[in-house]
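Letters A, B, C, D, E and F mark the chains as written, and numbering starts fresh at 1 in each.
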Amino acid sequence: MHLQDATWTDADAVETDLAVLPVGSTEQHGPHAPLGTDVLTAEAVADAGVERYDGEVVVAPAVPVGIAEEHRHFTGTLWVEEDTFRDYVRETVASLAHHGWDRVVVVNGHGGNIAALREVCARISRHDDAYAVPFTWFDAADAPDMGHGGPVETSLLQHAHSDLVREDRLDEAAADGADGWGEWVSGVNLAYDSAEFSENGTVGDPREGGADRGEELLDDASEALSTLLSRVAERDLSDRR
Amino acid sequence: MHLQDATWTDADAVETDLAVLPVGSTEQHGPHAPLGTDVLTAEAVADAGVERYDGEVVVAPAVPVGIAEEHRHFTGTLWVEEDTFRDYVRETVASLAHHGWDRVVVVNGHGGNIAALREVCARISRHDDAYAVPFTWFDAADAPDMGHGGPVETSLLQHAHSDLVREDRLDEAAADGADGWGEWVSGVNLAYDSAEFSENGTVGDPREGGADRGEELLDDASEALSTLLSRVAERDLSDRR
Amino acid sequence: MHLQDATWTDADAVETDLAVLPVGSTEQHGPHAPLGTDVLTAEAVADAGVERYDGEVVVAPAVPVGIAEEHRHFTGTLWVEEDTFRDYVRETVASLAHHGWDRVVVVNGHGGNIAALREVCARISRHDDAYAVPFTWFDAADAPDMGHGGPVETSLLQHAHSDLVREDRLDEAAADGADGWGEWVSGVNLAYDSAEFSENGTVGDPREGGADRGEELLDDASEALSTLLSRVAERDLSDRR
Amino acid sequence: MHLQDATWTDADAVETDLAVLPVGSTEQHGPHAPLGTDVLTAEAVADAGVERYDGEVVVAPAVPVGIAEEHRHFTGTLWVEEDTFRDYVRETVASLAHHGWDRVVVVNGHGGNIAALREVCARISRHDDAYAVPFTWFDAADAPDMGHGGPVETSLLQHAHSDLVREDRLDEAAADGADGWGEWVSGVNLAYDSAEFSENGTVGDPREGGADRGEELLDDASEALSTLLSRVAERDLSDRR
Amino acid sequence: MHLQDATWTDADAVETDLAVLPVGSTEQHGPHAPLGTDVLTAEAVADAGVERYDGEVVVAPAVPVGIAEEHRHFTGTLWVEEDTFRDYVRETVASLAHHGWDRVVVVNGHGGNIAALREVCARISRHDDAYAVPFTWFDAADAPDMGHGGPVETSLLQHAHSDLVREDRLDEAAADGADGWGEWVSGVNLAYDSAEFSENGTVGDPREGGADRGEELLDDASEALSTLLSRVAERDLSDRR
Amino acid sequence: MHLQDATWTDADAVETDLAVLPVGSTEQHGPHAPLGTDVLTAEAVADAGVERYDGEVVVAPAVPVGIAEEHRHFTGTLWVEEDTFRDYVRETVASLAHHGWDRVVVVNGHGGNIAALREVCARISRHDDAYAVPFTWFDAADAPDMGHGGPVETSLLQHAHSDLVREDRLDEAAADGADGWGEWVSGVNLAYDSAEFSENGTVGDPREGGADRGEELLDDASEALSTLLSRVAERDLSDRR
């Protein structure tokens, strides 16, 4: 059930303690993919995973702006501070739990959110009245070539939002993008901003995928999410402190 | 231009310093209107106003969860703390301004956000690198009978999202709703929560409107927003400190 | 009982759970009225209301500096940040409640404090061990022509602190003042600072009142406060969460 | 010039960069002295010192509630958290400095405020646009027998506010009071609260003074403050960072 | 140069802009390794790397307590909140930079600190007057079998602090330890605390190493740190914002 | 028992509720004494006092960086903000208390930490699950000539860390040092930074002591600490709120 479309009486009638909170980012994804890529993919995976799961799950509206200062050199990138993001997620989860939906999977579409989500979900699970885990879809799917605006994200969009991928700019995206993320020495990434290593913000070759790959990725990710929901639903939370 | 659908290169090509940030809330609106009412109406007004405005305006993704603790007794209501909401809005506006879109109209669909938006927009305008004003659509339209989930909001939805209004529950909504907001004495509202004065969360009679009224309201509100955008675009900001 | 003048043993002997906390501001009120207008009027109303009320009420010392950055262009205006003001009020109320005075009316004399007081009193009432409501005296009295340093405030001072009104500057105050507060378009005030629309900080014609009007205003306001105290005293707080 | 009584035009006409901010506390002072002792004495010293000083000084309204949790077991004691107190003082000083009064002496009447004032005045002086120092009157006067509600404070009140001292309770105050402050071992005070070592909150024998002693104390303290104002006025602040 | 042992005049004579800040944790490392393992190893690597580097480097004292709430079920584990840890590191780095040592490598010995250090070093590098990168020694050395109190950390201690490894408890450590870290499903670790998956806190078999392996690890890690210092020293920081 | 060297199983076997947390500062101590003076002396006193005490005491690792902005003009001085320092100490104490060591003596070696430690230990003792007191060794020993890098600290180092005192710079230290701390008028120190009154940071003549004096000081201080530990161990904490 999508909360935004439901009335409170509908929501009140649902019998579950499972909720999903999609979390994305509004940030550059090269010249070919939309700024909303991370929200759109998180929502697509959340919907498909919940659909596949055998049971009721409440779906909260997606958090549209996350941790993306690293992309600020590219126009249109929006971001908030890490603490603000964590507070926004933590309190949204707390209000879900207030209604009894206290097992929450945060479905994340953005690499830059991962560490902050792990931190805040640990805090929620240890100190608040909820258990929450962050699920980042491309960490669960078969996506070794993730990059940024690369084959993985582009494929998923080609499948789920084909109108938003600028196919005529894929060559340009590949030409001026980077092969890898960051600038590494001794296990340390010396770069903090994507503009330091990618001319147009892309990492990876977005031509190396396609709608079929996108369908597989969505399938993988939603299967993984469905499995996770089962495990979270069954988990014994009685002595987690 | 909707940022979520645009690429960064598209966004980079826009020549404007005007942006709109829709802000709503996910909260009860009676048994007949969806929890997402305030986001949906804010987005509808933002889109219509920007469409009507003669010039380019960047549209950021809507903030979906706001200040709504007062409705927490009704299932599905989500909220964050006032400070978190202000920070989230302030930093999102700052990132818009980072790209040169430093005249920002926050298009708000929720009464509970008004005071916090005025506070944070004043802070932005005095201390940050942007000028921002909050525009609450029902304060600009002809809506003396606003209520909550009452004729004004219900009408707008009947026009803009007719599938989301449960027409068959309008009588029930009216029957168990309240006539007015709050519990007043000596100019003071003694009640802090809607459950203190409305049995089902509704205030006002949602049957006293309809899609036609909704069309008029949207027309009024978008015209008002378009006028505001013109004034904000022209405003001399050189010595606002 | 005024706490400042009482000993702790006197305070300990009082049998009540009602307290009043006057809150003002130190800020410009035109060339004719003192910077302390909002504190002085809040104290006058608090005293008269408590006097009129049939029962014991503890009166805390007035908070002298509030939210007044909007008047900073006029010399002598003092202000703190909104969060600081809210914390100062919240914790002062908490210490009143610590002694059993957990039904608190915050008697406010400044328009700029209203939103912040509503926010913090809601927080206190929902989350702390007290019930608090803000009472702004000119919202309770018959004061449609409120303005700023206008006929309403000037009249009250002419009655209660006639030595502090510079009668010989009233014409000047009226001549260079503004007719209305702010600069409005589409239901939005584009101005954040009083210097944007009033040359000398005055809004309204302070000559349109007098000591008689002031006496009536004080009478109205104190009656309203007394009524409010009765209602707050009787209010059932058992399930306010 | 007392800001509260002045108009902004009066304040604007003052030619000085010196301001005084009285700071007190509302807290128990035994069965014989009022809860407002620390505010009243701070105001008395501030007024007398400014009067004695040869030059113009702006006097801000007194901060009435400070750091006094240690007295919370005695009815009527009010307090805020240390951070709130520091913020309130810091921002009030910043608004004084905004008008050019950027050499500020904080005239303090409460021992519990001393450490926090030193911390915040250092922060102001190093990081803000003002130079501020805290002056605690009984550290400047000849007051080795300070105590709490003891001979020093009681004497000053007997001179400056004789109506507020309950002479008929002095014996009782002495009988159930403590001889010294705290419970010391190895240079450490093991007690955090005054109720741990004084039955009625008094420390020292309030009978060992009188109005004459109070006059001397006020004389000493105001002379010391006047001297301090001269030094602060002359101080070279050009390279304090 | 170790700051703790140097005088300020010695420190003043150093010509470098490079500093190293060791950061550890005080937390359980099984029944065989000391609670200080992460501090001791971070210091050992920092010293060896600085020694190997051809140039002057200032070494700050180690931060002894970090982010370790996940080990709180095991006696002796100390921790602070993530925000406190980030602030402590950020401000310590800022004071290093104040003296001109504005290229800082944070040498980290604890996995739980990694995400927080990346976040705070990004913030420092983007917003403060310093460039900082976190270096986690076991991410730079050949340590695929890292675990927790496993062969990697135990080996390093056997080489660098052999007296602190309880050789007679290695069998016990291995017997009741875990094979892997966490409880994974769909790319998500469902466990937040080490007690959920390891009986005695150990992960990995500490017998599978030894002093020789420790020497190699220290050699690898210090070589990597030395290389990193060279790169950080040469890095062009002119346009990092 | 030093936590850093102990395993968690060792720590678990200790039967005590007493812990000691050494707290110092890394800051200038003249041209002759090391930047780590305040950590080294705090650790020396903590160790000697715990040794002398008849009973078990857990010793936490020392906090190396404290409140020292006042010495920032001298190279090598490190500092954090007061709030950060208080949080770091408070949370470290809370984690000690989590393991049952809830009677904590903070052994302090730095004058600049005193006020902040008193504030945070009061907060801990009133609001957290621990009782904590700060012990500053030179306030307990016979040290009227404390100064800064003066005879007291220099003597203790000459006894406990003789290799770290630059004997050949003692004359220089004395020559360019100050006789007293600060710049006083009317009981107020007008100076915030040591560079305002001491050319080389020294206050007092470091030649007026020696290793013998240091031994006496350590003896005095450790005896005082041992006595304090006994008193803290016996203290009735049942009604400290």
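Here are some notes:
In this section, a contact is a pair of C-beta atoms (placed from the backbone, for glycine too) under 8 Å apart; a residue touches a chain by one contact, two chains touch by 3 or more.
Since we're looking at a predicted model, the values are computed, not measured.
Separation of subunit A from subunit F in touch steps, taking the shortest path, is 2. Listed by label, the chains touching subunit B and subunit F alike form an empty list. The chains touching subunit A as well as subunit C are B. Of all residue numbers seen at the subunit D-subunit F contact, over half occur in both copies; the interface is built from largely matching residues. Subunit C and subunit D have Cα centroids separated by 26 Å.
Measuring from the averaged C-alpha position of subunit A to that of subunit E gives a distance of 30 Å. Here the spacing of subunit B and subunit D, counted between their Cα centres, is 48 Å.
None of the residues of subunit F touches two or more other chains. Taken as a graph of touching chains, this assembly forms a single closed ring in which every chain touches exactly two others. Read round the ring from subunit A, going to subunit B first, the chain order is A, B, C, D, F, E.
Interface residues of subunit D facing subunit C in the complex, by the touch rule stated above, are 3-12, 26, 28-36, 39-40, 58, 60-65, 72, 74-81, 84, 87-88, 91-92, 95-96, 98-99, 164, 166, 169, 200-201. In the complex of the two chains, the subunit C residues touching subunit B come out as 69-70, 82-83, 115-116, 118-119, 122, 125-126, 133-136, 139-140, 185-190, 192-193, 224-225, 227-228, 231-232, 235, 240.
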